[in-house]
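Both complexes shown next keep subunit A, but they swap its partner, so subunit B is in the first and subunit C is in the second.
On to the complex of A and B.
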């Protein structure tokens, strides 16, 4: 695109390349901050959305890839790359002051690769304990379990609070330690074992009376090391792990990974498989939103709504069970198509489900949306502006509730979405109530998509033939799909082997928890639970 | 072999697949002999206990969603008197380990278990909790919760269906009905022993598994 070409020509130190709408920009590490800040702050086209930060171990050197996108032209992506050859003490300039989401991403890269970011105000490890030995995603990581035995005691609070920082003070780098909380602050631990955190999330909340001053999320209580494991697995094996990332939109994650591999293989997937995958994805989205709705209502004390949501979800689970064989883990998409053809009853049951769900949606609105107590609690709480949503990278329903149009199904239509006519639900207020209502509206849109596709599933094969051993050609492959909670990206770096050199999944939920940090400040502690419910994050998706 | 009064309504003794451990337990009971008055009292207490087991709401990942399904309308474990899910371990009788336990979570789980009052039971729900499951080759996974705490019932699956979980619950019910209530282990709490949990000493303490637990 012309604008982007012009912009990139102003970076003399960069080497650029273009491959289907993705610009690759490599810069030396000294110029990284300059390049990033130019791309963010120029007047012509601001790359205001930091999609993902991928740490890389190239063997000799360690690198970082920043995936940037502009909300004006969301289908174009810039992959900004940099590398450092110092493996002993790798340091790269931080860009955490440009994008709000960058700080957390940099902590993740630090945790996995040991790269320290100069000027990032918080260089604690993100997932692993602070006393963990080694950096697991480095290729020379020692997996000997004796180095890191099962810990016998809880993590030290000092470790949790002390933030090591490398700062530039009067032009010189200095190692410092900052304290997260003051000694006088009143701190409440919320989690990791708490029924309202939607998983094992540990929030440390600093309170002033009943008001929240600061929230510090602690991750890693369900960090399973999926990315490292994938490096030793073949592509069909990896698919089973993707279902277990964000298990509520498991089929969508799996679909995304299949698409990324198919992109690399340049495989023609039969149209029938595209249709089936799309319908299954949308059913998953409905199920996920129903559960999210029920859980949010339960967080506010309405257990009836939870039971109603789960009741309707069971109908979808029945359809899944008949066609895919599994209830929660459908394990349905495979590379080249789907695992089995649809069950003869599938179309009939889905067509029965659509009018049923529409009727029930009315009931849900009647029972809960119109409830004055629920309205009072949700309205006017937890404001998230559009700019902040973009800067934080809060994709999915959360971003759309703030007016940010970020639906990948519209931006980069994949599978059968180009054959369906649907609208992207957008709201403008960015309050808790908007985040609540947008999920119910999206259920309606999903039903519309399913309705249009279900009768038009073309005939033919349900899967393309693939080789017994799937080897991806050398190169980098990136695929975006719209999960139930936001954008789910898969990045695969292949060296031509049967397993990836590096695979990275963008977790939509990680940025959502980061959002909680901003929107919870100034609200009451009881609202924290409701705000978490309105963001609807799934913790294993964060921890991977 | 007819053993003690452990019948479950609408499910025959033969319908259960694992009966051997109960039969062995009966042999042991017969060999040692029990006072009839105490045995009858045991039966009465156990009848009450087995029909009002309070689980702790504890779930780390995917299996937790099936646990929620179990609590919702269709599967409804309230039918068996298990519906009072407790948010505090001090009020809970059984802990359902739903999902993977990783290194960072291990001390937390151990502490939750220690905080529960005796008699307490553990159900390992799903293949992750049994053996590490699909995450066996990970650097951060605990290969089964039985490395940290003793387990009474294992329920395989990834995730197990709610029906499978009900079967596991029935097994635990039968086990509770078998036990001699007055002889149950009264394991001292590490904190009462002036051994703070933080030192990690609690983990190395020999924990007494209730008999028949290792299926």
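On to the complex of A and C.
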């Protein structure tokens, strides 16, 4: 792209490279903020979407990679890299004032690599407890269990409320501690065990009567260290972990990881596998949206709607069971194709399902969309503007409900999406009702995709032959796919071994919880729960 | 028509032939107490079973089907379980108020239950201020709920109790005004008199448009009084886990649970008594043959049939509607139901003076 080349030529301190559509820009850490703010704020092409922040341990120095994208040309990516060789007290300038999502990403990097970000107003650990010793994703991390024994007491509340900060005060760095809540605030814990947090999420909410003043999400209650585990696993083993990230769009995560590995191996995947994967992905999306719809209705007190959603989802689970063996964790995609060929009944059952689902969608609209109480509650609550959605990185249906066109299936068509004719559902209001209705509309679009592909599955092999031991060549590989709740990215850094040197999954749900934090302020308790349902986050995806 | 009067009067005469008046009265009191409590518990079991089956029907499920034929003994099994459950001692609650709250709720509910006329003669207390008594006693329950929320020393219960206070006190108004409309029509507060008046036309037909409006308002407000369905904000499972009774366990929780179901029935029973003719069969003036056939159905059956239709309506609403938000809830009462109720009273006055 000419525009991007021009832009990058204005950064004299940067070394740039281009591979596929990804520009790699390395800058010294002193110039990081300048480069980031130039890319964000220039008037030619603003890189307004911070896709992900990846921490890296290169061995002798620690680095951070910022993946940026411009909503104007969403298929081009800039990987902005920086590194510091101070392993004792690594410090990098924070970019949290440029992108709203950056603050949380930086906390994650801080948690795993110990890098402190100067001027980030909240440098608590994100997933691990404050009293955890060491930074687990560093290569010199000591895994000795005596260093971190199983804790026998609750985490100190002060640790959750005191935010360590490094600030620039009159040109000098200072270590400070900020308080999250005032002493007289009325704080209610929603979670970790709560019926409406969709998993073990812990929201600390400051209330003024029924009004919400502040929301502080705490993560990490089901942090399984999947990224750390993956560094010791082979690639086919890692696939099984990806199903467990966002379990409601498990097959999509797995598909994305397979694509990333296949990209590295330069493997030709048979068309048949592409078609099958796409159909399974779309079925997963339908199932996930049905559950999302049902859960949101249940959060608003309509339990019958939830049961209806589960009932229709069950049909998809039965199809999965027959073809894949698994139901929730389908375990279907493998590197080079799919695990085994589709069941002889597969096409028949899917074709039966499509008209059934269309009929049921009407029923769902009748039961809930048209309900005056439901309409009244959703109308005018939880406004998320397009700019804010982009800045927060709220991808998927949430962003599209605000009018941000961010569907990776359209931006970077992968698998068989280029053969299907479908439209990206966009709404413009960004209210709760839009986030609600867009899911039902997307089910309709997914059904269209399945309808077009199901009769045209080409013959041939269902998987390409791969070597017994899969070793990825040295390099960095990045793959984006459209999960059910937003963009799911896989970033693999390989040193040529059978396991990755570093693997990072972009969690679409983490930014969604951050979105909740912004849009819930000023609403009522009942709205907070409803907004959570409308964003439809899944906690294992956040915690990884 | 077979009235239960026959049985109760026979018992009364039988006791008085062998005992002095005072002792006979005492034994009658004990008997009535036992009967009311038993009926209360049995009715609760039936209602729980009905609710689970109806809910299953709405949700395309089967519902309880393992214990006994069609699962009819499921709620009995549940009762035995809840009686055997441990009462967990909660740290830092106010133990006296904590226990008192559960008792208050169930006592208020039983007291209301006692005043319902199931049949002529099957009526524990028949005051001349029956309607007033019903309103007064049933609203005692809110004290129990507020106490439960306060004594539990928990933020969820506290929010639940505050919501409950706001909700019950607000909806009490519409509830009372709707009942007053009928009192205006009948000119009496005595429940037996109100029922007798409806022998040829139930109040809902006799009272015309204002009675129908009052009936609808009473169903909505009464439903809100039971903390169920779209009005379950005080419990709001997905927001406040279980609202005001989060900390309760065992039979203390059971008291809240029982009272909730029975309150649903009580609201239906009051609606039946005041609007749908109580135990009176359906009579149409002039159709003597039809009226005679209707008389063959015992009045107790009529009463329960009408009540259960109202209960079914409540269940239908509960399992269809999402929950209201607190501001919508209060708007509905203060901006819609209350003004309509007040206007309706005037309408009823006009109806009573010029039309009947």
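Everything that follows uses one rule, which is that the second predicted complex is superposed on the first by the 544 of 544 C-alpha atoms of A that agree within 3 Å, B and C clash if a C-alpha of one lies under 4 Å from a C-alpha of the other, contacts with A are read in each partner's own complex, and residues count from 1 in each chain.
One rule holds for everything that comes next: a contact is a pair of C-beta atoms (placed from the backbone, for glycine too) under 8 Å apart; a residue touches a chain by one contact, two chains touch by 3 or more.
Source: prediction; values computed, not measured.
> Who does A:151 touch here: subunit B (first), subunit C (second), both, or neither?
First partner only.
> Would you sort A:307 into first (subunit B), second (subunit C), both or neither based on which partner it touches?
After superposing on A, A:307 lies in contact with both subunit B and subunit C.
> Pick one for A:328: touches subunit B only (first), subunit C only (second), both, or neither.
So A:328 only meets subunit B here.
> Identify the partner contact of A:498: answer first if only subunit B is touched, second if only subunit C is, both if each is, neither if none is.
Neither partner.
> Which of the two partners, first being subunit B and second being subunit C, lies in contact with A:299: first, second, both, or neither?
Only subunit C; A:299 stays clear of subunit B.
> In the superposed arrangement, which partner chain does A:368 touch: subunit B (first), subunit C (second), both, or neither?
Touch partner of A:368: subunit C, not subunit B.
> Using the superposition described at the top, determine whether subunit B or subunit C touches more residues of subunit A.
B
> Which of the two partners, first being subunit B and second being subunit C, lies in contact with A:228: first, second, both, or neither?
After superposition on chain A, A:228 lies in contact with subunit B alone.
> Can you pull the subunit A residues that subunit B and subunit C both touch?
Residues common to the subunit A contacts of subunit C and of subunit B are 194-195, 307, 311, listed in rising order.
> Can you list the subunit A residues touching subunit B in their complex?
That would be residues 127-129, 136, 141, 143, 145, 148, 150-155, 192-195, 199-200, 220-226, 228-229, 232, 240-241, 244, 247-248, 291, 306-307, 310-311, 313-314, 317, 327-329, 539-540 of subunit A.
> Could you please specify the touching residues of subunit A with respect to subunit C in the complex?
Against subunit C, subunit A makes touches at 186, 188, 194-196, 207, 210, 297-305, 307-308, 311, 367-368, 371, 373-374, 376-377, 524-527, 529.
> Name, in rising order, each residue of subunit C that touches subunit A in their complex.
Residues 58-61, 155-156, 159, 230, 232-233, 236-241, 319-328 of subunit C touch subunit A in their complex.
> Give every residue of subunit B touching subunit A within the complex, in rising order.
57-62, 64-66, 68-69, 72-74, 85, 87, 99-100, 102-108, 111-112, 134-135, 137-142, 147-148, 158-159, 161, 197-200, 203-204
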